[in-house]
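Heads up, the next two complexes both have subunit A, just with different partners, subunit B and then subunit C.
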Partner chain A sequence: MAYGMLIDLSKCMGCRGCQVACKQWNDLPGEQTTLGSDFTNPQKRSAYTWTTIEWLTTEVDGRTVSTFTKTGCLHCLQPACESVCIAGAIHKQDNGAVTIDHDKCIGCRYCQLGCPFGVPKYEYDQVVPRMQKCNLCYSRIEAGLEPACAATCPNDAILFGERDELLALAKERIAAGNGRYVDHVYGEHEAGGTSVMYISHVPLDLTTLNTNVTTEAVPSFTWKAMRQLPALVGSAAVLSLGLLAYSNRRARLEAEQRGGGAQ
Partner chain B sequence: MSTTSATSTKQPTRLLRLEWWRWRMTPGKALLLALFAAAAVAAVYRLFVGLGPATGLNDSMPWGLWKIVDVVVVVPMGATGFVMAFVRYFTPGGERYEYINRRAVIWAAIMYLSMGVRLAFDIGIPWRIINPIVFGGNLHSPLFEIAWCVFLYLIVLFFENISRVAEEQKRPWVHRLDHALHKILPGFVLVGILLSTMHHSSLGTLFMITGKRMDPLWYHPWLNYVFLLTSIATGIGLMMVIEGWTSTYYKTRFETGLLARLAPWTAGILTFVLIWRLGAMALEGNLGQIFVPRVETALWWGEILLGYVAPIAILFSKARFTKKGLVTGGLLVTLGMIALRLNVGFTSLMDALGAQYTPTIPEILFTVGATAGTVVIYTWFVETLPSILGPREQQPTEPLEATGD
Partner chain C sequence: MTNHWVDYQNTDVFMVIGTNPAENHPISMRWINRAREKRGAKLIVVDPKFNRTAALADLYVPLRPGTDIAFLGGLMNYAMANGRYFHEYVAKYTNASFLIHPDYKFEDGLFSGAKVGEDGQVTYDTTTWQYQLDEEGNYKKDPTLQDPQCVFQLMKKHYSRYTPEMVAETCGMSVAQFLEVAELFTSTGRPDRAGNIMYAMGITQSSHGSQNVRAVAMLQLLLGNIGVPGGGVNAHRGESNVQGSTDMALLWNNLPGYLPMTTAAAHPTLAAYNATTPKSGYWTNRPKFIASLLKAWWGEHATPENDFCYEYLPKVDGRDHSHMSIFEAMGRGELKGLFAWGQNFAVGGPNVAKERSALANLEWMVVADLFETETAAFWKGPGMNPAEIQTEVFLLPAAASYEKCGTITNSGRLIQWRDKAVEPMGEAHDDLWIADRLFRKLRELYVAEGGAFPDPIVKLHWDYDDGSGHPSAEKVAFEINGYTWADRQGVTTFANLKDDGSTVCGCWIYAGYFADFENPKCRSRVKDEPGTGLGSHLGWGWAWPVNRRILYNRCSVDENGQPWDPERPLFRWDGEKFIAQDVPDFTATNPPEVSAKNPFIMMAEGVGGLWSPSGMKDGPIPEHYEPVESPFANKLNRRQFNPVAIISGKGEFGQLTPPSDPNFPYICTTYRVTEHWQSGAMTRSLPWLGEMMPDMFVEISPSLAAKLGVKGGDRVEVTTARGSLVAPAMVTPRMRPVLVHGRETEIVGMPWHWGYMGMFTGASANVLTPHVGDANTQIPEYKAFLCNVRKAGGSGPVRG
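Our next item is the complex of A and B:
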């Protein structure tokens, strides 16, 4: 069963309970933080902070609009990180979670380059570092529980369930909202579809969601080149051997012309 | 340091007959060695403090100098090996390139080994560098494909180079074995060529995962083939530089005619790549970008003018019949290849990633020192195995004296 989450931004009140629950369940250490112009804290996700509520304050028609966006791994249906991982350490699990096997990871950090959302974070401060990111509380799902953030959300802004059902629910809410929601389920098509989806009551560019992201499945970007390798190698072999035959023939003819006959 | 002639009588009792210290220290090599030592210090420092403190890497910039230069640039620097072996074994009249090929394959072996060692320090857990080979990995990953190709190609390079050592031996069975190897060597060369076409293109595939997040000036739908073709051009271009410097340093013959014969091929490949890059930009509707005043635009023009237009002009012209023309043209081809890799790896991605990245002193020392080290190791091989330079009978009986410092 492929689970996912639906995050209804209109219901988020920015309490950051999800942040705290995530830290607690995953036993992540606290970090020295600083305040910025908004109330996002910590300012960035890191190997020790897998989810944050990002505040974004914008002026729209003279009105100050403040939005909260729950960030973290979107658990793509076809994850770029999984496709580029040299060690096969990253897996899209059957339950929907994209997880990292620390025992396999060699630390090439290609997943950080590949992820269109900038999700995987590395323990750069460690001598033997690990790649870290939200794992959709894989172990909780296996035990029949919701992810910690969804379980703790006091206003049901984070809903956990089967992705298909959540997608239907999202569309239902948008339809029933009579314009209360933006008519867009973020994550339905983004990066080829993600398990974590969003609906929003404000235009998406007022949130911190990446609105520039491709709608194609990212692994296809490199696969289109990888799948041509057999043809490339075949052509190189044909070219080399063809040229070799030609060279040998020419050498033989030249030798005959010199009058020596075949060597 | 150098062995005396008296030892030669005892040689048959040794398994491997080699005069290890024909190599001579000169001020120039001492400087390179000092840099190499500095790189070793930086490497040890990195092992003890980890990537974060030792480098400028952070979550916004996962790949820095150690990946972009030490792998993505250094591997095509080793393209000399497969390109010259192709010329030597598969093209008409290839046997004339025998001695150029010897230098090409030893240089390639040094480059690939150096890359493997450097990469070990770049990855988060160095001792897992061999894991993808031992435990397998992910066939979908271009990096996995590169790891396997490089590993297998190192084996090919071993067989392409081992004859230089075999020629030093006295035992007849070694020579019989070497003779047998020569019979099947074209097979190894072919495998090397196939592996090379794969991993040189895959180095471009690496960056294709970023899709159109990449700056439009460098976005190319088939970046893998752009990388492969520029690698081939570099295989010839860098060889001109190596030949130029080797012949000056060791006072040996510079094969102007043989290299001039290859020059139009390099220029032709670069012309094709340039047209393809511009054409792809035009198809994307991004050609106007080359006139937008940005820092990136200046870097793009620098790359195109110095790395494409200038070497194309030199290597197609009569200048290619002179040593100066060939070395200059070859150097520009190589610099153009390096500029493309740096621009794709840094310039085109830093904005998209929102990257904050300044390489640290140890990071720069490591990259510069390791590169200096490869040059020293090259001189060590050339001086220790003189058959790399040419037929032994044409060489002075005295050990090679490095003169060009």
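Our next item is the complex of A and C:
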């Protein structure tokens, strides 16, 4: 069972039940915050805030538009974080969740640098800091429950299920929606495909989703380079050996020419 | 509400006015969304602010605070003028055909019968508002609805002034916007379409709030949306159990079950009280309810011979004892002591700085609450000098909702029993325990020392002990439910209550919710089979009255008992009986032609009240008046604001800004957000909520911000005749000026959740609000008043 979530932004009313449910289930502390320019708070995710609803309030053609975007780990199919983790702490599980094993994490923050969505966050205030992010409520889904956010959402804006089924459902909804939805499933291809996907009733630039992300799996970029290594190393080895052989042979020939005499 | 939450899935068009379900009743959006997905329902939001509900709406229309009657009257005019009302329903199920007194008129902003007092306040003699009767005493009617004196024609004439242009320029929306709403919402004036109007404090918290509600009800009657699945006049209650509180007579002018309160002048005896019983409609049974109530309270002492101890029941002295009156009396030093029981009026009351000061005149105050609230610590408030305050304050720690058992009654009249999940912390106790201890001590003192009139306390029937010295919520519930005195069997319906002292009932509308001690109906949690039915779920909890989910549901079928909409058959007469999905609000054993004559059994007339001959102090039908503080002269009639509104007058609380005062040019309004609740007594001490909404703020439009030279986060000072506050501005296109009577007028909005106690502190919006109230309910006008705003210097939150 490879699970995922489908977030239907047309149903989100910004109640933030999901934001609180995540805090409660994961026993995360409240952060010191201050009023922002809109209602988004905490204004950025952190090691202690794994999901937020981000407000975007603007005017389009003289009409006010207000959207609410749920942010958090997208649980990529081929996560950059897993690929760069030098401690082998990050793992894309069979059930779809991308988890960080805190017994192995050394807090090097490579995953924070590698993630195109800015998801993993550092425990700045801890003496032994580790990386934190949404883990798709791993223990809940293993126990047959939904993630806390999905279970809480009053409007079923957050659906939990098999990723493939949710992708099909998303496309059905768009097709049957009579123009209600933008014809795009965010996460079908972004970063090579993610387990947490979005559909939207407004153009994506009216949400806070990152629309500037590659459609190739991020590890595939390093793979392009890494893939050359055997050939490169092999060629370098062959070249070096060749040079050595040539150099040795020249030395031997020079020595022979100076008169077969004493060495 | 007349319908219920789950029924929202059956609606075709929602109109949200003066309520904000996405923010304040988020679960309701689930059912609204279901209607949108399954039936293509449309959501209209009418509000001064583009709130979170508006963000999801199909149609959002701005509305100047306080102009709901202009808007709703405009919709009534549109419906009547264009024939977009449900003809058969109006003719047969409402009093549209009834003839009104020939001398009735409306002129210069006053209804006939107006008596203007010295202070300019008006009282009405309602003689000319009454129905015409024939020689036999029957109502005179014109079933064709043509007679100029019939209710329908009087309404048509009255609201003919509410043209789309008049509505647009009064309310601040465009004519096109008004017509778009009118067309969409009046499309439900047909048998096969149901319209649902939801409202809350935006409608009620006005000097004409009760007439606002009347306007909602009248529009729904015209469209045939009352008593049908997906329809209704649906109040979104402001607290999770305020419905239960008002059912149990929290209000000063009620007895439980909305029986009229006894007054000393009019009801000196039980006979005098019973003489005021309506002569027709289900209220004719009132003597049974009052007798059963008195028997509940005085038990074996209450006998027919002594009128069931009627003389022990307190009687109102003819004065107003609503919230504002209590504080004005406190301000004059007339009150010695006060209980603030789960109430934080030091944040929630109007003109709150004055109300806080008034508390200092008390000798003592008892506060029962979960936290040390602003009320409990009023002497710590801004401007207070504890050295000058003599009040002795007792703070009783109270248990939270999960630390006690009992029922909660939601907006849909649904009563659900809740178990106790955890023990209260420290020495906190549930309210029942506190009340029980208080009573027992009082009784002990009265027995030992006597007093002026000890019997009403000493002889109270108080049989709640659960065997361990703790009062049992179940025993209280059983008494509220009612039982027969002789054999202590629970009554299952108020139809079995008697006026002879043989039955007990603490609240007649609750009869049936807890008849079975072991297995009370309010505990049951049985859902209907998924995919079947209209969502009545009669096995889930228990709704008053008698588990009926949709009130006035006789109106869902025609004279022959056939549902107006076969797709939503709440009832259907099959020739011999009614096939029912709800508890009938009519005698279902009668053939349909019989019950068709009495679809509104609680009304004396038996039909829906478009016209209200004697229920309202300020008019038989609503008329637009400006809020008491307004930047505009009333253009619809010659009276500026509701002539019967409660105005504080001179004295401590009476600071008011005259209309169109240039020193206070902006309209101010207050509201709530999802993240905090009421006065913030609980939510401003919860880190997960405070981190989302840490600080008080003022929402202003980009145009007002530009005018003030202010950007988001800069501090602004908002001032009214009552006081001022400083808070950071949130500059947002959610707020926009409205074009009213040719003038762009800015609206300033703010949440009222903050105070000086708790983890997350800030200014209280209610330092700005006026001590003026509705003519019938005395509810304060929190939603529309005048202010000025200026840049205060500095930026960021103001805490403390």
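Worth pointing out:
Heads up, the rule we're going with is that the second predicted complex is superposed on the first by the 259 of 263 C-alpha atoms of A that agree within 3 Å, B and C clash if a C-alpha of one lies under 4 Å from a C-alpha of the other, contacts with A are read in each partner's own complex, and residues count from 1 in each chain.
The rule is simple: a residue touches a chain if its C-beta (ideal position, glycine included) is under 8 Å from a C-beta of that chain, and two chains touch if they have at least 3 such contacts.
Note that this is a predicted model, so its numbers are computed, not measured.
When the two complexes are overlaid on their common chain A, residue A:G14 makes contact with subunit C while staying clear of subunit B. Using the contact criterion defined above for the overlaid structures, shared-chain residue A:K121 touches subunit B, although it does not reach subunit C. In the superposed model, A:V238 lies in contact with neither subunit B nor subunit C. When subunit B and subunit C are set side by side, the one touching more residues of subunit A is B.
In the superposition on chain A, A:F68 contacts subunit C only, with no contact to subunit B.
Touch criterion met: A:T214 reaches subunit B, while subunit C stays clear of it. When the shared chain is aligned, subunit B comes close enough to touch A:I106, but subunit C does not. Applying the stated touch rule to the two superposed structures, the subunit B and subunit C interfaces on subunit A have no residue in common. By the touch criterion stated above, subunit B contacts subunit A in their complex at residues 47-53, 57-60, 62-63, 67, 86, 89-94, 122-125, 128-129, 131-132, 135-138, 140-145, 147, 186, 190, 193-194, 197-198, 201-202, 204-213, 222-224, 349, 353-354.
On subunit A, the positions that touch subunit C within their shared complex are 10-11, 13-17, 19-20, 23-24, 29-35, 37-39, 41-42, 49, 57-59, 64-68, 154-156. Within the complex formed with subunit A, the residues of subunit C that make contact are 22-23, 26-27, 29-30, 33, 50, 52-56, 60, 673-675, 686-695, 697, 712-713, 728, 730-734, 736, 796-797.
By the touch criterion stated above, subunit A contacts subunit B in their complex at residues 44, 46-47, 80, 82-88, 104-110, 112-114, 116, 118, 121-122, 124-131, 212, 214, 216, 218-219, 221-226, 229, 232-233, 236-237, 240-241, 243-244, 246-247, 250-251.
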